[in-house]
């Protein structure tokens, strides 16, 4: 198939369907409405289910239900709606149900604005609900990558029985870029047999399914948590991804993810025109985070700058990676404001002590 | 008044009333039910309002309503219920409404168990809802301190117009210890005039009140976020609190908060009996975090161990404080299991390379 | 008998007043757009206005003042 | 005519079977407690049992088996 | 000196209030005290226990994992906690309910027919007071007066009339060891 | 070479689809492209714009903050964006709606009576095509064929019958500058 | 000549950010006029929802709160409990009140809070671009029911006002429509009445206002009003649903 | 002699963690027996709520989900959509279904999901220690209404079954009581009927089971059943509320 011009949101929806997702439960919220809208058109065509839930809470719990039956299920929302899903995501994690959750982040706090933001980094990477489970968080930077990572998300979710969060912002959600689905080659993972699922077609051939996160005995609860931690260690070993951009000869490291990294590319181009050798590491998996790559890079640069569309959240991960070797500087815009290449260039100069 | 033997939950409730809280909106959940129950008995006696909401979502939004009228208002819950309040807390933060939220943490994820845990550290300190606002988080370690910090919480909330979270676990919630309310001396802060509040008694003497977090213009939204960050810098300067225990001559630093720190005291006693000079820094404000104190301490010890009732969350803050100077070791129990002094002692020895 | 004034800053040219005026004496401007790009409502024949306030009752933008 | 067996492991000594037996032939043990500390139900006079199943229908813990 | 005591039994045997009385009495005598109940759905399952600490110094962990004294009101509690008692610790068993003997030989063990003595005092529900009496006789940690002085605080004003009977039970417990 | 174009006007003037046509055409010609609309409640306020990038290399920021060309369909858009155009950039103004002249003197400015020409082509709604034509004549960034080849993709099969009229509008636009 | 009609003093000067011809503006006016006529001025606290009317806090000339989607009545409860003498109203759309906010709506009514709710039922999610609402009609096409609302998949048009009438705390519930002058006058009466019920402390009052959304229905404002008459009123009959 | 009554095969061997005499166990039995009689075995998927019956997933011998508090019907919807041939039931208390879960309850009914709900109304929050439920009676003392439920402060006993009857997708709603043998037999019939309605694909079915909570009411199991008869039934009358 040829390339088609698609919005990020539409590409995510189409990619989900191509990944075999047949159950989508959503609730409208800008700037991700094209996902449910696309699903409402397409799902009937592929024999799948689109259902507009009465709320984000209902939607995430419907995902829990369908996912617990062994089906590939998904929901999408944006910041306030994702806050409402926190309890449900925690239940999904606790019950080890695979699920994919898309967050096209807007600016906040509160109702804020629908303009682009990366303000939900901490929420996504640190605390998807109570319970302290770290989940997998993917941060695409282009529409093509949004499609690709969506397909990856379903593989990862099934392979490890973990909720996977795809995080983007209004820019990636609303912009159109060419997408070539045929070019997507996702790594096939070993997906364990779903004999834990409440699938009536396999009744009798498996133990009784109990999709559950309630443990009366803390010993059992701890064991379940430890097995989560163990699983997540494997995820951290096998699934970390990042992209390097002009890092070979760099003196100044920028760390940025998602659309912000696109603006940083422009800033890097401008920097290099001025003879400043800037380069970038772009975490693709925000969780697990590419600590190692950044640590290694930090050894050979003069400055590290983290650029985000928030007040400085990923900067903590970068600091944890750099571990005191260098000061990590931060530049960010918040509230839906988008940093300009010029601002970022200035920040690189300031961080690196260049004039 | 003499000392009285009280549960932590009851002490929090009574302290809130003494701090002038007259509006409590709650929803039952173990292990914090004594808070709403106490309030349901006491509020009518002091002319206050206790209302059992239809859900945690409703409760937090009622707090937003009453708080936005300039009243001291509070809600309490436990982990899953706190997840449900995430959106509401974000709105409260965005609209700069003072509020106090108690989280008597249970173990999870999901429904988990009601046994003690500190699993919501990240959620509380990093992402109270979408939007990335850091709020104030207080972690008492005794019933007396629970009372004291509750009274402080209302002061801080009003002084900075910020939601304040009191975080405890089932142990501190359920245990009884002597409380002496007369002994509580809270620092009085300058509390700005509440002329932002929707108080009908002051209509006409102030600008029209708009309690709001919606901004159509990202510039305004950014300005609001920046003013939050500015405010939080002040909070970080003025409100950080920690306690040091046997740190004068210590070789081995333990960092622990809440009830875990109590168990660490026993471990430290046992360590010292064996000639191991262990000491402890106990963050009282988990956010803002006592980075400076830990950084200074790290300069003069041989090992740093963070002990938590979770899989390792505060350890990130400790690592950020230590900033690469030493390896930060971690010991924790999860899922409602409580670490024993002996285990902690062993962890201190392992961390410090003692035999 | 009646007099209607249009506050053009508020008017969005929705046409509701035009349709609901029983005297049919309102129209949307065929020549002008306001600052927001809308053709504002205009009175064609003020003489006939009865001051019945139908127009103002239907105006979503409180753009009309009626005198009588 | 009927025979009732009590599974003492399940019985919690709630007394519902005792109360609802129309023949009044059940009682809670006055001498024994089961492993959980409850006095289990006992049949006093099996002869009179009609097998009406009232007892079992009221038992929350499915502790009773009735034969007829 | 930190005294760590564990009270355990069936729900309904007054295990929690027995511990609370002791803690209250400790507080009245100016000591540092804490009382921590088990809580949660396992209580519906029938067992309950509480950790009490009475100390001259600040109380560390409120959870008693290695009790210096175990008051076992029923068999499951003895089974569960006997091994956790510190070497040479105190073990008081309600011999009316528990039909086995202690397995450990290093402990100071007392078998108290608490239900019987409580009945003698006037109400089988006062078995907990009997056990507490036995404990106090052994340790003299707080005075009878302090315990009885805490009664209303723990049980409420409307239970005042039960004080004499409870005092009697406490006394019978003290005498039994 | 990265071409950054900003299309701006009232909602309903076809600003978004005009940009989308250009992006689509760029893609058909094998270029790297991106299209980013303004979105949100301000659209209800009446204005809309979109950023289009057509590039030989990978597209960096999809947001055009400093356009190389600004297509201004109405006055507020000209007011808002004129100053952001790069030095010596291109500015195309719909002179049927905008009643002022450009303020900057360094820009290449064209005044296109787009509504008029669109009416001439058959429908005032094709004013956007007229403007696009004017832009293409100036830059030759993509061919008319590519633009018209994108038409169905952007507007849908059922709008096919409007192709000739739109082609005519595009042509009139090209001729107008 | 005297002024017989001018913009209500209970509205601010701010131009409203609604589409041309959107009845939200009319409903705002009716509320403002009612408050003005009842001379409630400084006693009023309003709550705007999330929906097209999210910016209502900019339009009403009284103290206002902006509530999270669906939670307006919880916020209102907090306010009313804090200030029993305040006149408290919420303004909510069908998505806000009858979907995500269902629990808050029912329980506030059931508690009989003396709060007035103006419920704008336009059978669609306006703000987010025309998705199905709980009140969307069967067969109606929206951006999430592209083939028309199907009862099997999407459920039935929800009659939330009728459900609320089953709550003991609900004192007054009426359904009106903004589709012509006569009905607008009736709507105004109902809204004023609802505030009077609140003032009398009788309990919860709600006026359901059938409205249009020309933009998302794909019609001009007039066509939309006609569509409302032809299609919505038969499903959602007008009149007093409950009065105690 | 033949066995005329034994523990249902649709129940596991696990002893139930309810208080002595708690009707949750009886309701479990009735569900299990109905499923067994209808020979639904491997087709059944149940959802346990948060409440005293949170552990129901350990008791029913079919596939089970444990849902978050109030979300059982959303989970059930996800399951039913994923497996339309499955027989799906939720088991929920009054707090779960009629307080925090109100929105899910109403909308699932309104969508007419072919799901069966067994709704245990014991007029209290059992699990958490006896707080007020939406169904708590006026004047009833609970740990959060220590002076008795007061309509002014706490609202009225919520008749959620009656409200649900107003949802078009609800096919069958009946209220029964566990208070004596005759009523238990009726309850069993209603529960079985509810599953039959589901099997016929008619829509949403719900049986409200008036129950006791001796522990939190402060009564023994028998006294509690009498209290139910004397106090609850007058407020919550028994019988079929809706049947289509």
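For reference, chains read A, B, C, D, E, F, G and H in written order, and residue numbers begin at 1 within each chain.
Quick note on the criterion: a contact is a pair of C-beta atoms (placed from the backbone, for glycine too) under 8 Å apart; a residue touches a chain by one contact, two chains touch by 3 or more.
Given the structure is predicted, the values throughout are model-derived calculations rather than measurements.
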item	value
Chain labels contacting chain D and also chain G	H
B-G against A-F, pair bridged by the larger set of C-beta contacts	B-G
Rounded Å distance, chain B centre to chain C centre (Cα mean)	59
Intercentroid distance (Cα basis), chain B paired with chain A, Å	29
Chain centre separation in whole Å, for chain H relative to chain D (CA means)	26
Separation of chain C from chain E, taking each centre as the mean of its C-alpha atoms, in whole Å	86
Interface hub residues of chain E, defined as touching at least two other chains	40-41, 45
Where chain G touches two or more other chains, by residue	17-19, 54-55, 66, 68, 99-100, 102-103, 106-107, 127, 134, 154
For chain C, residues that touch 2 or more chains besides their own	none
Interfacial residue positions of chain H with respect to chain A in the complex	17, 41-43, 45, 47, 54-55, 57-58, 61-68, 71, 74-83, 85-86, 103-104, 106-107
In the complex, chain C residues that touch chain G	2-3, 7, 9-10, 12-16, 19-20, 38, 51, 53-54, 56-62, 64-68
Touching residues on chain A, where the partner in the complex is chain B	57, 79-80, 82-84, 86-87, 90-95, 105, 107-113, 115, 119-123, 126-127, 129-133, 212-226, 228-229, 310-311, 313, 316, 319-320, 322-325, 333-337
Parts of chain G lying in touch with chain A, wherever the complex brings them together	50, 54, 66, 68-70, 95, 99-100, 102, 125, 127-129, 131-132, 134, 143-147, 153-154
Chain G residues touching chain H - in the complex, by the definition given at the top	99-103, 106-107, 110-112, 134, 151-152, 154-159, 162-163, 166-169
